[in-house]
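Chain lettering (A, B and C) follows the sequence in which the chains are written, and residue indices restart at 1 in each chain.
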C-alpha cells in the first residue's frame, strides 16, 4: 500500500460535535415531557407526535427532492425536532389532518421558503402553531379531552384570566407534575426542566435564554402582584412559570439556534423581551397565552439584536 | 351603518392627506438626473457583471454620460458596435476596441500533471493558494476548484472532469474579466478574439526552469525559446524561462506550435502546419506565405 | 487557576505519545538544504556561492532590512548549490545546499557543556548578539527575536512573559526542553530580562505539565534565580497565542492591531527561544539546531530529536517509520500546523514538531449549512464572529470583513474545530484576513504618496 499525503489548511482536527448529534440531544431532552404527557393524557399523545414527526420528515424530503431538486438533508434530524415541537404545541384532541397541515406550514413556509435549516428567521414549529391557531381556532383551543378532573373547556391560564379560578385554589404540586389542561408538551413542568438540564449539561444550550425568559416572567409577575400582597406574591409568579407554555417556550422554543441571537448579551436581551411580551399578553392581552407570540416577535428582532450585540472584541474595554 | 360610513370616511381623508404629504416630500427630495442616463442604461446589456470596472450598468451609464472623455470606458459584453452607438448617441467619440475572449493558459491535464497529494479543505482555489502549491506540485498551474467558474455570470466556464482543467466556451464568453480577477494563479487572460474561435497561446505560466517544470508537468513550457526564434512578427517574448505570445501581434502563422517540444503552445480552431522534415533548422526564408488567415 | 478571558477550546492534548521520549541528538545528514527565509520579513541574501567551503555555524545568509534574520550553516562542508527548492508546501524558496564533510565548527563558538551563568553585557550588546545569531521565535511564528526585544522609544517593558504553554496537541519539544534544560532556560530568561530591562519574568506553563512546573520551580529555587515566577495555567487552547498568554499571565489585554504586546508593557518569548538566546549570548552559538518532536498515533516510534536545520524531513521518517495508507503530515501541531506535501523539504527554525495524523483522523467532515448555533462565536478567543467573517470571505465582501475586524484573527482554528456543521470557517476567514491586510497596506502606501 502506498502512502498518500493529505493536505488541507489548518486546523486539522475537529471536536467531533455534529449537527445531527445536537438535534438528537434535543429529541432526547423532549422524551421525558412526552412520557409525562402520555401518562396524563393517554396514548393519543404518542400518535399525534408520530404523525407530526412523520409528516414533517415527509414534507422536508418531498420539498427538497422534487421542488428544490437538491440534496435532501432529512438525516440531520432537524425536521424531527420541528415535528415534535409542533406536536407539543397542540391540544391532544386535535384531528390528525390539522396536524399534517401544521407540519406542512412549519416545514414548507417556516423553514424551506427561507432556504432550509439555519436560514429560517422564525421558529418553524411556532410558525406552524400560530398558523393553526389562527386558521383553526376552535380545534386549537378545545381542551375537553384533557385531564378528567380539571375544569373542562379551557386552560388554566384562561380560567385564571377570566376569574373562573382563583390562584389560592391551585395545587402547585400537581401543576409541576402535569396535572393541568394545555397543549400536549407544555404540561409537566418538571419533565421539561429535566430536559433543559440535560441540554445544559450537554452544552447544546446555554443558561442565558431560559433564565432570562423565566426570570423576567417571575419578576414581572412579582411586581404585578405587589398591590395585592400576601400569598399572591409567590403564587402569581410561580403560576405563570408553571402554567401554559412558559417552560416549553423558554427551554426548547426560544433557544432554537437559527432564530435566537449569537452572543450571550444578545441572548439575555432576547430572553427579557420574550418574558415581558409574554406577561403583557397574558395579563392584559386578548389571548390567555402569549408565549408563542412573544417568541415569534423576538425572532423577528434577532437579526437586529445580532447586529448591535456583537461579542466583545479582545483588547477593547 | 353609521359606523361603517365613519370608517370609510376617516380612512379616505387620511389617505388623501398622506398622498398630499407624500407628493410634497417627493418634490422636495427629488434628485435631478440626466434623462440620458436611463437611455444609455437601456442600451447597455444589463448584465451588471462589473466587467467595465463599475459596480453595475447604471454606474457605467452615469460615467458615460457625465465624463467628457469616454475613451477609457468600455463595456466588453456589449462590444464595439454598441459602444460606438452609445458614443454616437452622446455625441462623444470612442475608439473601437477589438473583441476579446478569456483564455485559460494551463495545459496541465491530469494525465500530464499527475496529482501527488490529496486536497481535503474548502473547495476553493483561493483557499488552496493561501497555504500550498496545490495537488499537482506545480506552483503555477490550474488548481481546478473553479473560483473562475463561480465568478462567471455567463456560464461560459466549465470544468472538464477528464482533464481537471477549466475550459472556456468562446461563444458564451463576454470578456467581462471576472474570471481574470478570480483566478489566484493569474492563469486567465483576455486575448484578441479571432474569427472561428481560432487562437494560439502558451498554455503554461510556470516561471521555473525547464528541469523543474518537467518534473511536475509534461505539458509545461520549459523555456527553450525555440518559439521566439521562429516567430517573424516579434509576438513572442521569453522572460524568466516563460514565453508569452502577444495576441495583438500574433498573425496565427502557427510556426511556433510545431517548434514546441512539449506542446505547451496551444492551437485552437485550426489545423497545425504540416510537419516539415527536420534537416536544417535555420531556414526561415522557405516559408513566407504566412498571415493568410486574416 | 488563571487563563485567558474569552473563548478557547479544549482538545485532547495527545502528548502521551512522545512526552516520555528524552531528547536525542539526530545523526547529522549527508546533505542539508537551508532556506534563506526562515523568518517573517524579507528573505536573507546568500553570502556563499557554489563551491565554497563552510564551517558549522558560519554565516551563509545575511539579513536584509529591519525585520529579517541571519542564516547560518548547520553543518560543515561544501556548498553544492544555491537555488530554488521546494519547501514543505511545495513552494520554491531560495536555499543553500551543503554537502556535509565532517562537523567542523567555527572557532569562536564555545562548545563546552558547562553552564555559564554570569552575564555582564549591556542590553544593546545582548540584542546585537541575538541578532547576529539569527534567532527567531521558535514557537512557530518565526518572528525575529532581536526585533521583539528592541523596545520602541517612549515605551517601557515591565514584564517578560515566557511561553512554556505548548497548547498545541501532540507537540512535546518545549516540554522536553523544560525538563532537560531547565537551567539553560532560566539563565536565558535572566539574560532576556537584562536585555529588555525588566525586574520580573513569568514563565507560563499549562497545567497538563505539572512535572515541568515542579522541575522549573525546584531548579529556580536551588540555584537562586530571583524574580522568575513559574505560573501554572489552566489547560485551554490557544493559550500559547501571544495575546492570550499575556492576558493569562498578567491579566492585561493587548489592544487590537496594530498595537503590539509592548503597549501593555509585556515582551513574550518562547522557552525554546530562551535556550537559543542563552547559547547565542554566552556561548556565541548561532541558531543552527532545535528540538523537533516527531509524533503520531500510527508511527512505529516517536521521538524528540535535537536536529540541525536543513535536515530533510524524510530523514525523520526513516527513523520513525512513515505509515502506509492515507496520512497527513504536519509541520507543527494539528491546530495550526501546515500540511507537508513534499517530504524532501528541510526542517526549518519554526518547526517545533512533525505531527503525523492518519487520513481518518484528519479527514474533514461533510459540510452542512450553518445553523447559527453561535458555537464559533463562543469559541473565538479574539471576540470575533467567525460565521460572519467566513461568509464575508466567501462572498469577497472585503470592506465588511474589515469592519468586522478580520485582521484581529489569530488563525487559531477554534471556530472550525468547534463547528457542528463542519464548515471550513477559518479557510475563508484567512482569505479575508490576508486580503484586508493587503488592502490596508495599499491604502497606507497610497496615503504616504
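Here are some notes:
Definition applied: a contact is a pair of C-beta atoms (placed from the backbone, for glycine too) under 8 Å apart; a residue touches a chain by one contact, two chains touch by 3 or more.
Fair warning: this is a prediction, and the values are worked out from it, not measured in the lab.
The chains that touch chain B as well as chain C are A.
Note: the chain lying farthest from chain B is A, by mean C-alpha position.
Chain pairs A-B and A-C differ in how many C-beta pairs are in contact, and the one with more is A-C. Measuring from the averaged C-alpha position of chain B to that of chain C gives a distance of 42 Å.
Centre-to-centre, using mean CA coordinates, chain A is 52 Å away from chain B.
The distance from the centre of chain A to the centre of chain C, each centre being the mean of the chain's C-alpha atoms, comes to 48 Å.
Those residues of chain A in touch with two or more other chains are numbered 4-10.
Across the assembly, chain C contributes 326, 328, 338-339, 341, 362-364, 424, 427, 430 as residues in contact with two or more other chains. Among the residues of chain B, those in touch with two or more other chains are 116-118, 120-122, 127, 130-132. Remark: chain A residues 4-10 touch chain B in the complex. The touching residues of chain C, when paired with chain B in their complex, are 84, 86, 89-92, 326, 328, 338-339, 341-342, 362-364, 394, 424, 427-428, 430-431, 434. Listing the residues of chain A that touch chain C in their complex gives 1-15, 17-19, 21-22, 73, 76, 78, 115-119, 206, 257-258, 261-263, 310-316.
Of all the residues in chain B, the ones that touch chain A in their complex are 116-122, 127, 130-132, 135.
Across the complex, chain C meets chain A through its residues 5-6, 9, 11, 169, 243, 247, 253-256, 259, 322-330, 334-341, 343, 357, 359, 361-365, 368-375, 377-378, 380-385, 387, 405, 408, 411-414, 416-422, 424, 426-427, 430.
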